[in-house]
Each structure stands twice: as C-alpha cells, then as structure tokens.
Amino acid sequence: MFEARISTEPFDIGNEHARLARLGPHVGAIVTFTGQVRDGVLELETWPGAAERRMAALLAEARARWPIAGATIVHRHGRLEAGEPIVLVAVAAAHRAEAFEAAAFLMDWLKTAAPFWKKEADGTWVDAQERDIEAARAWDRR
Amino acid sequence: MFEARISTEPFDIGNEHARLARLGPHVGAIVTFTGQVRDGVLELETWPGAAERRMAALLAEARARWPIAGATIVHRHGRLEAGEPIVLVAVAAAHRAEAFEAAAFLMDWLKTAAPFWKKEADGTWVDAQERDIEAARAWDRR
Amino acid sequence: MAETVRLLYFAWVRERIGVAHEVVPLDQPLLLHELVARLCKRSAGHEAALAEQGRLRAAINEAFVGWDAKVAPGDEVAIFPPVTGG
Amino acid sequence: MAETVRLLYFAWVRERIGVAHEVVPLDQPLLLHELVARLCKRSAGHEAALAEQGRLRAAINEAFVGWDAKVAPGDEVAIFPPVTGG
C-alpha cells in the first residue's frame, strides 16, 4: 500500500499506523514521522493535483531505493492551530534500517520538492531553509 | 516526559504519540518506531527491573546526545502472536533531524543492550545478530 | 493548439499579483524568462511579484524547471516562492 | 556481609540449568570465570549451560561485565545469552 494525499482535516496516526501494520507477515518495522505546528497559527497553501502527484513520485523513488512494504504520506493544508499535525510520513518494511531511512528520505524531499507554502499569523510567508535543501540533496550523494 | 516500561499487554500507538504531541509548543517533530512479530509466535523473556533501568539509561544517553523534548520506550514480554507489536520507541523534538537520530539510536541500542530474549514457537532461541551489534557500536564512532 | 498559456501563482507571488491564475496570449514558443519579462509589464503587482527571479521557482506542466526552459502555447506555467512544506 | 552470591539465569541458560535463580555460598571475592567454573560442577545442566563462555554474557549487580570481573559475597550475578530484544 503506497498512498499520498492532502487534507484539510487532521489525520489519525493510530489508524494510519494500523493500516500499514496489517499489510502482512513480511512487515516487521514501521517508522512514522509527524510534524506539528510549534506556536501560533499557520496557513498552509498547496497546489492540489500537483501536490499529490509530486508526493506519489517521492513514494515511487523511495520504493526504488529501499525494499519497503508500504508507505503513507498525508499533508495538511488550510488553517492549522498550534499543536495541530501538519504532515505524516509512515513507512513499513521487514527491517528497521530501511524503514528509518525511507521515512527520513521522504521527509527531506517533501520539504523541498512538494508544493506547500506556509504563512504565519502575521501574514509573513515562511522562507525556505538552506539546511532543508542541503538535507534533500545529501540523498543524491549516497 | 521520558518514560521506559515493560508490559505484557499491547500498547496503543495513538495514545503514546498523543502524550508526546502535547508536551508543548517547542515540539515540532515526533518520530515513532514500532517492531512487530513477522510470522509465527514469539515468547519474549525479560529481566524485570533491570530491563526498565537499562531502558531509562538509554533514554538518558539519548538526552545527553540530542536536544529532545521527550521520549517513550515500551517493550512487550510474554507470548506474542504474529502481527502483534513488540516494541515502541517514540521521540519528540523541535526539529526532525534529532527526532530521527535519537529514535534510531534508541532502537539500535535496545537491540543489543536491553535484557530481552526471543524464543520461537518451536522452542529455538533467536540468536543475536552481528549486524545489530555493529549498528549499535556505530553510534560510538559519531 | 491553444494560442494561450495558463499561469498559476502561489503564496506571496499570488498575493502580489492579486490573482491565483490567469490566461495570457502566446502564439509561439519562447523561453520562460522571456515570458516572465512580458508578465512584469502587465501590472505593478506583476512587477512586484516577478522582478527578482532569484527568489522564485517555476514549473511547466508540473515539472520544476529553470528560467531557460521553453514555454509553448498550451502549456501551464506555475510561478512560486521556494516551497516550505513538511 | 552475606556469605553468598545470588545467580540469575535467562533464556536457554535458564532452561538448561532448570532454575531461574539460585543462591550459592561465597565467602571471599573471586573472578567471574572462576565462579562459572565452580557452577559448572553443580550439575550436568549447569555444565551444558555454562561450558561455552563465548556464547554467554554476564552482569554483576545489573552492570554488563567481562569474565575477569570480580565477584564479591553479596553480589547478584546474571548469566545469559546475548540479548535479542527490539
């Protein structure tokens, strides 16, 4: 099961985890990453259609690099309050190393290759971080 | 919140995640790892008391290495059926890099430094893996 | 083939231009930076949004591209700041 | 001070010896491998469990140690195969 979607609603990490956990007896390890709003309120803009296609392409790239059994990406958009979840990346695999690596890879690339833009409560658009761009590029040198 | 415990009962990843998610506005990233029984049935033996103290020491080591806001380790023991969760490691931090690294560190060290032993349904005790010992040692070279 | 190109704007590019998308005439292929130069003349908002190419990124038909990419009539061109999701 | 040492056995060490813990006399300190040599003589099960030190690990008072560690009266000594949790 490989699935990428955007949503204005919160996701349920227990449900998302359970769907990967029951993929079958070859799944021994599941890694999840969730990002959440740290303080204030965020408005997240996206490019619907292109966002899902870009996230699906990242999943395909992760499958080509690691033997993973399933993966889910959910990215919120719209208005998000402090403490609310923004993004979920979850990866199921036979062993832990590939689950950890594929999840970190997906997050690093989501940050720099998927069409989402964050605006703070005061109207300021969040700038892209050089360290995020570096983190994504580092995977190409492996 | 830093907590290590053993349990004969399954854990609820949604609950464990939620406890870390609400630690406060400094938490922006949560990484979870869950291991589950791949096939057959496992009997997990532990050394109660020593196991919790060893896991708490691993949490202290992770806090010394990375700026993390909270972490939970839950390790099952007793009889576990195929597909059942064995272990949970969850780490909350401001940013994703330290959450990913601390979670991977805790798992690598749990595998080789916490007193748990796995027995398969046919009575065979699972052998320790050289690659697990190497993975744990690799953190000392960083 | 359409004699137009469809533009999509996101984040502060959209805010400065004042619309999320628009359709402009295009009767033959040109380079993306040439298209942007034309767009700058459409309004003060366009000028404010598009003047600094170094702060912008672009995609043609959803594929991220550089400013020397060729734009053909019928294409969909998106212009936006570097993404900040995740 | 107690004139004994408490032994804990886990996994197949426990199965071969047939008990999870036992208390044996110890009136003065000795090295862990000397203690193990003494334990081997207690039964065929002890011999089967403890003969190959290379397949075993040990802890004194919960701290993982090597076979040259010193065991004193009153200590708690655990002997077990390499751990396989996680």
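Should a chain be cited, it is by its letter among A, B, C and D, assigned in written order, with residues numbered from 1 in that chain.
Rule of thumb we're sticking to: contacts are C-beta pairs under 8 Å (C-beta built on N, C-alpha and C of every residue); 3 or more make two chains touch, one makes a residue touch a chain.
Because the structure is predicted, anything quoted here is derived from the model rather than measured.
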Partner chains shared by subunit B and subunit C (touch criterion as defined above): A
Fewest hops from subunit A to subunit D - one hop per pair of touching chains: 2
Greatest separation from subunit C - chain, by CA centre: D
Centre-of-Cα separation between subunit B and subunit A, whole angstrom: 22
Separation of mean Cα positions, subunit D and subunit B [Å, integer]: 27
For subunit C paired with subunit D, centre-to-centre distance based on mean C-alpha positions, whole Å: 74
Set of subunit A residues in contact with two or more other chains: 35, 96, 107
Of all residues in subunit C, the ones touching two or more other chains: 86
Which chain pairs touch, all of them: A-B, A-C, B-D
Subunit B - residues contacting subunit A, complex: 12-15, 17, 21-22, 25-39, 82-83, 85, 94, 96-97, 99-100, 103-104, 107, 135
Partner subunit D, residues of subunit B touching it in the complex: 35, 44-47, 50, 53-54, 75, 86-87, 107, 110-119, 125-129, 132-133
Contact set on subunit C toward subunit A in their complex: 8, 10-12, 14, 59, 62, 64, 78, 80-86
